[in-house]
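To keep things clear, I will list the structure first and then write my remarks on it.
A, B, C, D, E, F, G, H, I and J label the chains in the order they appear, each numbered from 1.
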Amino acid sequence: MLFMVQMQVNIPASLDKNIADALKKEEKEMSQKLQREGKWRDLWRVVGQYANVSIFNVSGNEELHQLLISLPLYPYMTVSVTPLTQHPSAIAQVE
Amino acid sequence: MLFMVQMQVNIPASLDKNIADALKKEEKEMSQKLQREGKWRDLWRVVGQYANVSIFNVSGNEELHQLLISLPLYPYMTVSVTPLTQHPSAIAQVE
Amino acid sequence: MLFMVQMQVNIPASLDKNIADALKKEEKEMSQKLQREGKWRDLWRVVGQYANVSIFNVSGNEELHQLLISLPLYPYMTVSVTPLTQHPSAIAQVE
Amino acid sequence: MLFMVQMQVNIPASLDKNIADALKKEEKEMSQKLQREGKWRDLWRVVGQYANVSIFNVSGNEELHQLLISLPLYPYMTVSVTPLTQHPSAIAQVE
Amino acid sequence: MLFMVQMQVNIPASLDKNIADALKKEEKEMSQKLQREGKWRDLWRVVGQYANVSIFNVSGNEELHQLLISLPLYPYMTVSVTPLTQHPSAIAQVE
Amino acid sequence: MLFMVQMQVNIPASLDKNIADALKKEEKEMSQKLQREGKWRDLWRVVGQYANVSIFNVSGNEELHQLLISLPLYPYMTVSVTPLTQHPSAIAQVE
Amino acid sequence: MLFMVQMQVNIPASLDKNIADALKKEEKEMSQKLQREGKWRDLWRVVGQYANVSIFNVSGNEELHQLLISLPLYPYMTVSVTPLTQHPSAIAQVE
Amino acid sequence: MLFMVQMQVNIPASLDKNIADALKKEEKEMSQKLQREGKWRDLWRVVGQYANVSIFNVSGNEELHQLLISLPLYPYMTVSVTPLTQHPSAIAQVE
Amino acid sequence: MLFMVQMQVNIPASLDKNIADALKKEEKEMSQKLQREGKWRDLWRVVGQYANVSIFNVSGNEELHQLLISLPLYPYMTVSVTPLTQHPSAIAQVE
Amino acid sequence: MLFMVQMQVNIPASLDKNIADALKKEEKEMSQKLQREGKWRDLWRVVGQYANVSIFNVSGNEELHQLLISLPLYPYMTVSVTPLTQHPSAIAQVE
């Protein structure tokens, strides 16, 4: 089941730089693990923003929620979720 | 070069049904041609909306604009365009 | 899988009253059929509005989309969809 | 009498972690007590958010207000309240 | 139980003037009847707007909804409802 | 002359609790004095909010402004002001 | 007593040109009469808009409302009203 | 050339009171100097707000910008600028 | 003096196609005449929109207003105007 | 390829003045280097704002993103990006 997730990251200047760097490193590792598993299907940077547009391919609402709240940078994100489905004109089939 | 395009379609009730059906048919054909060419990379329906989320892979701003305004249903669409680029945590390379 | 769906209905004054009445009757029948099947889990009127707050219990995004666009009054609705999941403090289990 | 209440929780990073944990524990206990009493009729997590959608079943405006402002996390919540009533197509009767 | 109701009236230019005048006359009669009964507790015009701020004193959500949708001009109104309750600094008691 | 005033109070967590309590006490006293004088005609709590809806009956813009900025909690309020006047369907006369 | 009034005019294309021209002529005459009386203290065009920023000097809310709703183009205006008062740094005294 | 400027002032509680008082004193002096020169043509307080509506009469964009950014309280203001011009119904000529 | 002007064009489907075509032709001619005169300094299409971003170089507010309202498509435009001035880091001097 | 970029700068009062000054100096140098290279094609100040309107001429989305995030003041900016293209009425050709 596909969802578009838009994440805007806002790390406060008051966060210790070492902690911030560690969180970003863990975020990258977890993100890449989820990409390799096919759950984080697409990940793009929005030009000019510390933000991304992502497509998740998960079993449903519960799995998506658990993935998102376990992201190391989740406490510093504003997240919006848009459920997607097959478009009648799409030649590819939604997994 | 990748762009997210969000299209909301609003066909007025006053449009003749035959004309509307013809436009939808042409829209589907053109959309599928662009998908086969790899320019309309992804096309998903937004759940509960007469709207889509799309990813276009084009040579740049000019090509994207010409593609969008040539869509048969373009006069009935509200369109928003978000330029995308490589995300440093993405394992796939933006084409 | 649960979704909150908010529907705002706006039937244009120009719609023939007999057609409007027939659509409302069909809408009611379809709504009640879906309620009896357990898919339209809750349906409440918003005070002072021609609008409702609904909870749908469906297999996923695709089923929800098909249900919503098949509603007789769908062409006259503004719809928003919010995916829901188990709350850690809830004593009831999300079906 | 039914009300939809939407709560967005935003605990500041500056709040002592022990205090925050104690507040969350009290919040959960109070929430479950109100659920068992039937006053907090439904409680769902919004996917990807530290937020919930809730349905309260109370005697009226005064009782709802007293319940909400007595929640341990209330000082950290943004709350919106939507009065609900019987929908003419609903097969269940609003209590 | 008190509710603030804000009504913005927008009668389309296409509505026959005789019908509009009849509706306004009926609206005024019904409004004054409800005021005499104490249910429409206060009614003020917003300066410069075809809009009002009203305070309703009703038994609850259901009665308020029935009153509002029975107003002759209701089909031409945008309505918002705000539940009110006793303020701890108010010297008057909410009825 | 009547005005609707909506006040949203937001006392920062960093304000000393004794100072906050003293301000709230003074606010209550001043509010009740103005109510007894008939200048703060109505004061209601918005359900679920640290906010009120108020009706002021004052000699004009200048008196209203002086009253509002002299409130002890004014520095912590977001205020909106809506001028009101006689509604042609109201049975009570605006003072 | 001073009020800033912002008026956005939107005359529908469907209005007969002769009627529209007559309304504009009456609007101009009434506006200039009120300016000569000192009630419509200032009137400026917003650059690039069919809109104005105005300052009214009236006895209070009731007079302002009666003036505004008697403007010939009032049915085609979106109006917002901002009550003004003496600024402590102003060298001119508000009339 | 006329411009409407709207300034909302928000002095943070963390600013030293002596510094704040000195800034306000300088702001008042500079504001009154500009009023005497005819450049700050009008200055009004918005009722209930720490905000003003002002009319500036300057030689153009550059002079307006230099005046605004030189105001002592500028770092604590949210500013919006609306270019104005002669209204065809105005009896006064824009300087 | 420079201004950014953003124009969104919305020609209603009900406008006769010949009239619309004639207006577009006149708009193009007038736009190009103003560009050759150096008054309409820059004109760009917004990708995916029937809209433009423009830079005007004019003597002031009055000239800009007269130019904009004389555009043949002006009645079908939503216009916003942003006054610009020299940026301290710009190497080019604002004309 | 052209893009309009709007940057709003908000340097927190808590940032050390020497650091802020150093960042502004580096920002100016980098901005002028990019202007001389023709990549930052235009740079204007918005009147009354600590903000600019800029036109970038770059090879595409990726180059624009890298330029923007390398600006010394980027961490203190709110940025919006609008892709532009040739306007059919423009006499200049988009580079």
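Everything below uses one rule, namely that a residue touches a chain if its C-beta (ideal position, glycine included) is under 8 Å from a C-beta of that chain, and two chains touch if they have at least 3 such contacts.
None of these values were measured; they are calculated from a predicted model.
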Completion exercise
Contacting chain H as well as chain J are chains I
Practice task
Trace the shortest chain of touching neighbours from chain I to chain J and give its length in steps.
Solution key: 1
Problem - Most widely separated chain from chain B, with each centre as the mean of CA atoms - result: F
Handout entry: Reference interface H-J: repeating pair among A-J, C-D or I-J with over half of contacts shared
Key = A-J
Handout entry: Cα-superposition angle relating the copies chain I and chain D, to nearest 5°
Key = 180
Completion exercise
When C-E and C-D are ranked by contacting C-beta pairs, first comes C-D
Handout entry: Averaged-CA centre spacing for the pair chain F and chain C, given as whole angstrom
Key = 40
Fill in the blank from the handout: Between the Cα centroids of chain E and chain I the separation in whole angstrom comes to 45
Fill in the blank from the handout: Here the gap between chain G and chain I, centre to centre from mean Cα coordinates and rounded to Å, is 28
Completion exercise
By the touch definition above, chain H meets two or more other chains at residues 2, 45, 47-48, 61, 64-65, 81, 83-86, 94
Exercise for the section: By the touch definition up top, name every chain pair that qualifies. Expected result: A-B, A-C, A-D, A-J, B-C, B-I, B-J, C-D, C-E, D-E, D-F, E-F, E-G, F-G, F-H, G-H, G-I, H-I, H-J, I-J
Handout entry: Residue numbers on chain A that touch chain J, as the complex places them
Key = 13, 45, 47-49
Problem - Interface residues, chain A side, partner chain C - complex - result: 1-3, 60-62, 64-65, 81, 83-86, 94
Problem - Residues of chain D defined as touching chain F within the complex - result: 5, 12, 14-15, 61, 64-65, 68-69, 75, 79-81
Handout entry: chain C residues within the chain D interface of the complex
Key = 2, 4, 27-28, 31-32, 35-36, 42-48, 52-53, 55, 82-92, 94
